[in-house]
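Heads up, there are several structures right after this.
Here come two complexes built around chain A, the first alongside chain B, the second alongside chain C.
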Partner chain A sequence: MSTASTNPNPAGDAAGGSRGRAPAGERLADWADGRLGVYTLAKSNMRKIFPDHWSFMLGEVCLYSFLIIILTGVYLTLFFHPSMNEVVYHGSYVPLQGQMMSEAFNSTLHISFDVRGGLLIRQIHHWAALVFLAGMFVHMMRVFFTGAFRKPREINWVFGFLLFVLGMFTGFTGYSLPDDLLSGTGVRFMEGAILSVPIVGTYLSFFLFGGQFPGGDFVARFYSIHILLLPGIMLGLVVGHLILVVYHKHTQFAGPGKTNNNVVGMPLMPVYMAKAGGFFFLVFGVIAAVAAIAQINPIWAIGPYRPDQVSTGAQPDWYMGFSEGLIRVMPGWEVNFWGHTLVLGVFIPLVIFPLVLVAIAVYPFIEAWVTGDRREHHILDRPRNAPTRTAFGAAWISWYFVLLVGGGNDLWATHFHLSINAITWFVRIAFFVVPVLVFIAAKRICLGLQRRDRDKVLHGRESGIIKRLPHGEFIEVHEPLSQEQLHTLTSHEQYQPVEIGPTVDENGVERKIKGSEKLRSKLSGAYYGDANQIPKPTVDEYKELTSGHGHH
Partner chain B sequence: MAALVVLLIALTLSGGLYAAFAPADKAQADDTAQSLAIEEGKKLYQVGCASCHGTGGQGSSDGPSLVGVGAAAVDFQVGTGRMPAATSQGPQVTKKKNIYSQAQIDQLAAYISSLGAGPAVPTTNDYSPEGADIAKGGELFRTNCAQCHNFTGKGGALTHGKFAPSLEGVAPKHIYEAMQTGPQNMPSFPDTTLSQQNKKDIIAYLNAVNGDQTDNPGGLELGGLGPVSEGLFAWIFGLGALIVLAVWVAARTAKAKKS
Partner chain C sequence: MSSHDIPEENLPAEQDTAHGAVTVADEENPFADPGLPPHEHRVQDIDEQAARRSERTVAMLFTVSMLATLGFIASYVTIPTDKSIFVFPIGHLSAMNFALGLTLGVALFAIGAGAVHWARTLMSDMEIADERHPVEASPEVKTKVLADFKQGAKESQLGRRKLIRNTMFGALALFPLSGVMLLRDLGPLPGTKLRHTLWSKGKLLVNMNTNEPLRPSDVAVGSLTFAKPEGLEENNEDFQTEIAKAALMIVRLQPDNIKDKRELEWSHQGIVAFSKICTHVGCPISLYEQQTHHVLCPCHQSTFDLSDGARVIFGPAGHALPQLRIGVNADGYLEALGDFEEPVGPAFWERG
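Entry: the complex of A and B
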């Protein structure tokens, strides 16, 4: 590795002469190692082990769609003009001939109709963005439900969370760039949200738009945010995310031979090089096929942005849909004091918006505090074995989807022949009620599955074979599980609820108990108390049942 | 030759005489036809419409007065099957199969126009795409219509289960009449608000972006509903396909060599 190290066998010396020159590949590798230290890197990383499970490839979907977005985005920047100067359209799309529009819109039409491959690349870019965000959503859920965010991976969870949030805003700014009527309405929506901030709202809006909305600046500003600032930060986070994945090593599901100190799987070289490399092309292929089959954001049909126009059915891309839902279902409250108007109907959703997201960012730290567990975890949980966590996750997802319903309330109304008012009221109530119901239901389901596992371990698998005993009784034959299955089903550990501890010290003096301590004990009880997890079968129980006392 | 000249003179004379007298005859015949149409229309009205709109079109608690709505309103409402309305209906009267012939609709229209002057049925020239400015029509559509009917006339929701219908497949004549008369929740756009030319432009625009001949350069339109259907498509077909592929790739692993 060190550049100062000397070659023990200088080229052309007598001892090496008989072997002749090394092959070209080896010489190139030697050359590179002398300058970059690739041998050490390769030695430690080429045999890096990745476990086999399809859900571990969801992160790859995100990484590859991110790369596709960068590649296609670069092509689009070659033709896009981020300017709001007004021009008259004279391109090849007839229904817009002679219309006034911004150069941004004009150049997007140019890309769509007059640049070779322009429309396909535009559509790949946009579809890839939707898939990128959807992939991150599902990837995060996988990590969440399997508890892969636990120590030592909390920081990486936060990196992933930031990537998701930054992805949302990168998507939003990109969607706004063509300056079409749909995205312009979205930018107007954002301006309204900024204006609702008490005291500083108006100043912030004027600062962002360089004066009165829409002004002549925002496309150029969003452009540099969209192609430089946010993707730059995201690229850094992606690199950090990947370095941490390698540093922490991959998590794995419990199973025979898999411990907290090993990783069972296939090496990077050659198996995962081929698999992951091939998967990149599969992802690219699927997204390109989708982009070739289905139209996305047809800005020519939408028309150029004009602040005096608006269309029904104006929604943001799906990842911003929950914020749309928050605004749509919020009652239009407004208070006025001393001549100042506070638009609560917009400001409250603006405050809830980050809270929805932050709820998932802070969860690992809350759980770590409740369990008080400071050990490292490399073996994944099955969601059923962490019922309260699983219930929290399911409740959050239901909350998110309730808001998505709110964001598309008009389409629900027209396509299911419902009243939009009824849907709005449903969402208002469901916002509070559905997560609670889903929490309870998910927890019950998890506990039911735990009971089933316990049953399986103790009594074996139901074979479906009915046996008649000599005295006439019918029984179903249960097959005992294999040693491997028994191990997998019982390898999870179960926490005990945290006790507050003695309230008086050894001298009989009453100890002051902090509120946080009480809260923690309560939460811990709710997580791991009596009715909140099913005790897994012990060896004694198993032995007693299988010791050959006939049928139970 | 002389015979030919005589023939020409005779023809000219008879033609000229006909020209001099014929219009009067025709006008007379027209009048009769008109009153006949009104008569017939009244009969149809009494069967199909009077129970709600009153015996003389004066309206009742079940239906508005039809005095002064004009032939255009009748042609639209009956021609699209909205009228006669079903006895029990949802939040708004929707289009359905039209049970009247065009001749009967014209008779009904004649009767209703005889109750009070109103907008007439537009002529083909009023709504044909010739001489229309599609781009101008698009601008007018986005300014006046898109709030309820969506960017390209795919329709949208209104309050309490009412909705602005999709304009796909609606006859240009009916679109013209709807603008003229403002049926149900729709505001009316008389010629003083949207000139005849404006209406023609809008119809031509709709024909261009939401007609039979419209092609979508980007592929499947996904309902033309914007990001909601796009998001659904990305989740189901984009991410769905990728997850299927991930399962497939993960299931194919290298096997350890038996030794």
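Entry: the complex of A and C
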């Protein structure tokens, strides 16, 4: 953007003026404008307003870690050999001297021990991938709980969801590339899961691995998927995601001066250029420092892959953990019939795995259908003001974490001296029970917080000052809220439950009511019915209490 | 606290401003939007000294970054790649990795910290309101676009010339099949490959660790021995693919302890040989509990009872481990008496 600067400094002006020409920066901008239309572009974007809230930087963390992954990934491709040809190791890591290993593993050792800074870049790449996935998870939750997915942003929610899913698979194909014992075990698990697919599973497996497992092809195939196919799609989605963020303008929380028709904050140039640009360096700096002190995926200690060997505590990277949980706690059901086997014990987890993710992805569309609201929403909800949504999100997270516990059941067993059988049974039951309990608890908490907000508006803030009245009674002094606070606490919208309406028309003819209509009315009642939201205080209620003539 | 407890004098409107109370400006609607609050000056906005201190802090951070980059270059050139250092409390680290990472981290972090400090303390922090415009087009625009579309569609004659339309859809629907065809050679068809392993009648059981053929006396009670078929060497081209199916684990039980009749028949002096590949999703099983004769797969904790036909006693596996029938040849070595009778490893559709 510096080339598009339209703020010539006085000195430059004078110097340029003496020769009758515009300063160099302006001339460059003129040149670019004649070809790219940069002035028109900059007119609407250079001073674009971004609202400020700490949670808005979560998406930035994802964007920056994605850039870091691309930068370091390109460097790694300069040294990595995506080949499964077996070679004998002769590098500088003594304990593995003379061992047979694939070229992929060999070149990863070379990067780690013989390329100066190679280990650092490998570790930054891997750490950034973990941060990327964790960032996307938290960012997605921020968007979910504040209702930022509502119209007009549903498509951007879907873009973000796809980025999260593709990020998981890019991570999986990435950590499988070194062909080490741990990741190879993960790939074998994947093969077993593919084999469980009815009818075509065996064929899929043979096509993916170029024959029997492990064969000699999967590293090269994963490589092109990991460095080209998936990141290419993701880059496109990221660009689309950002264009939509700019086009829709950022959401903001309610507050004085903030409406659904404006966006209040500070301009891109200079404040957000410095803040967001600086934040890239902060994220990169922190990840580099972590990569300096915290070892990640030490493949030399794990050793090259051998299908007949395994280490204990085999765990995928964290974002794959919930699928690991599904596979670990599922009972081993196998159905044999007519010379065929239906491997339900593996296939059911394979089907639930995407369903867990889809459950949260489709939620915005379900909510839009229940509310029937077709307006644009740019003011964020506080989670408490959407109790059913918040409860659903909390239940989903608890579901996800129950499965994460299942994915690490061996670690829970060894670290806390628990029975692995007991943990497995706990997860099997918790899979069904915990989300329900969390849903109920989260909803109660939201309603409680709504009641507190209502109290605060009507009776003021508890000041903590105890006052003794002349007749000896002690009371706590309540401070009334300012108009800013009153406005902020009462500006949220409350929907009314959808009514089915009269079932008989004006001529007395009975109208047929569709099942979907009934369901919608029922859901709407569960969302916005009497017990499911606390009516926010009205001006009349407030005045009645504050006028001093109320009948309270 | 309910409103019943509050005497009238303490209700919000009754309280005077001297007690820190705030008045509500809009008498009609106290919940109305009061508009953007007035801008509050930072100390840097009114005190040039403070502003200069901020300027120096930012400049210092940028200088730290420059020094750290020089440190990165110096570390890269001077530190030997194999040098390791002890850093409390982390432990032993590669000196090169530690130095490069920290200097790079500091160089980047300082740039970021400088920029953010600059933005927060010196750049204007006046909040500005920008208008939003609805995404939806105005009715006029919509009418115009729809009319244009109809005009374009009409000019194309797509709707009128059905023959063109139908054949075009046919061609567009068919051509991706070429792409699908091209995927056919990604791999061979499965055939019966998953049903067979390298084991066959007369193949010796070779100890995986020593690479020597096993005699019954080599297998002690309570130990777990891994074996491969004779002739399969690490430097064979298809070693990985073959061992992925043929890997074997051997234990010696007291013949009295073997509960399964067929297991006893297929054993030799209490020595039993089972596939090492878990029937769940194919991890190699490696944990043996000698007292109970249970083996445990470390990946997903499927547990098999080797004294009872290797049936599943816990975990997600769906069927028992296949057993290899073994005997002893004329020279006194353990040998296989055939291939596994059922496919090893995870179940699949054609397994039956």
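Everything that follows uses one rule, which is that the second predicted complex is superposed on the first by the 529 of 552 C-alpha atoms of A that agree within 3 Å, B and C clash if a C-alpha of one lies under 4 Å from a C-alpha of the other, contacts with A are read in each partner's own complex, and residues count from 1 in each chain.
The working rule: a contact is a pair of C-beta atoms (placed from the backbone, for glycine too) under 8 Å apart; a residue touches a chain by one contact, two chains touch by 3 or more.
Here the structure is a predicted model, which means the values were calculated and not measured.
Participant: Is A:Gln483 touching the first partner chain B, the second partner chain C, both, or neither of them?
Facilitator: A:Gln483: touches chain C, not chain B.
Participant: Which of the two partners, first being chain B and second being chain C, lies in contact with A:Arg306: first, second, both, or neither?
Facilitator: So A:Arg306 meets both chain B and chain C here.
Participant: Once the structures are superposed on A, label A:Gly98 by its partner contacts, choosing first (chain B), second (chain C), both or neither.
Facilitator: first
Participant: Quick one: chain B or chain C, who's touching more of chain A?
Facilitator: Tallying touched residues of chain A, the top partner is C.
Participant: If you stack the two complexes on chain A, which partner ends up touching A:Leu119: first (chain B), second (chain C), both, or neither?
Facilitator: After superposing on A, A:Leu119 lies in contact with both chain B and chain C.
Participant: Contact-wise, after the overlay, does A:Leu411 reach chain B, chain C, both or neither (first, second, both, neither)?
Facilitator: In the superposition, A:Leu411 contacts chain B only.
Participant: A:Thr259 in the overlay: touching chain B, chain C, both, or neither? Say first, second, both or neither.
Facilitator: In the superposed model, A:Thr259 contacts chain C only, not chain B.
Participant: Applying the document's definition of touch, where does A:Thr40 land relative to chain B and chain C: first, second, both, or neither?
Facilitator: Touch status of A:Thr40: no partner.
Participant: If you lay the two complexes on top of each other, which residues of chain A touch chain B in one and chain C in the other?
Facilitator: Comparing the two interfaces on chain A, one with chain B and one with chain C, the shared residues are 113, 119, 123, 266, 271, 275, 278-279, 282-283, 286-287, 290-295, 306, 308-314, 409-410, 420-421.
Participant: Can you name the residues of chain A that touch chain B in the complex?
Facilitator: Those residues of chain A that touch chain B are 52-58, 60-61, 89, 94-99, 112-113, 119, 123, 127, 130-131, 134-135, 138, 181-182, 266, 271, 275, 278-279, 282-283, 286-287, 290-298, 300-303, 306, 308-319, 321, 407-411, 413-414, 417-422.
Participant: Give every residue of chain B touching chain A within the complex, in rising order.
Facilitator: Touching chain A: residues 90-91, 133-139, 142-143, 146-152, 154-161, 163-164, 205, 208-209, 216-222, 224-235, 237-239, 241-243, 245-247, 249-254 of chain B.
Participant: Along chain C, where are the residues that touch chain A in the complex?
Facilitator: Touching chain A: residues 1, 3-8, 10-15, 19-22, 24-26, 29-37, 76, 81-82, 87, 90, 93-94, 96-102, 104-116, 118-120, 123-132, 134-135, 183, 186-190, 193-194, 208, 226, 228, 234-235, 237, 239-241, 243-245, 247, 276-277, 280-284, 286-287, 298-302, 312, 314-319, 345-352 of chain C.
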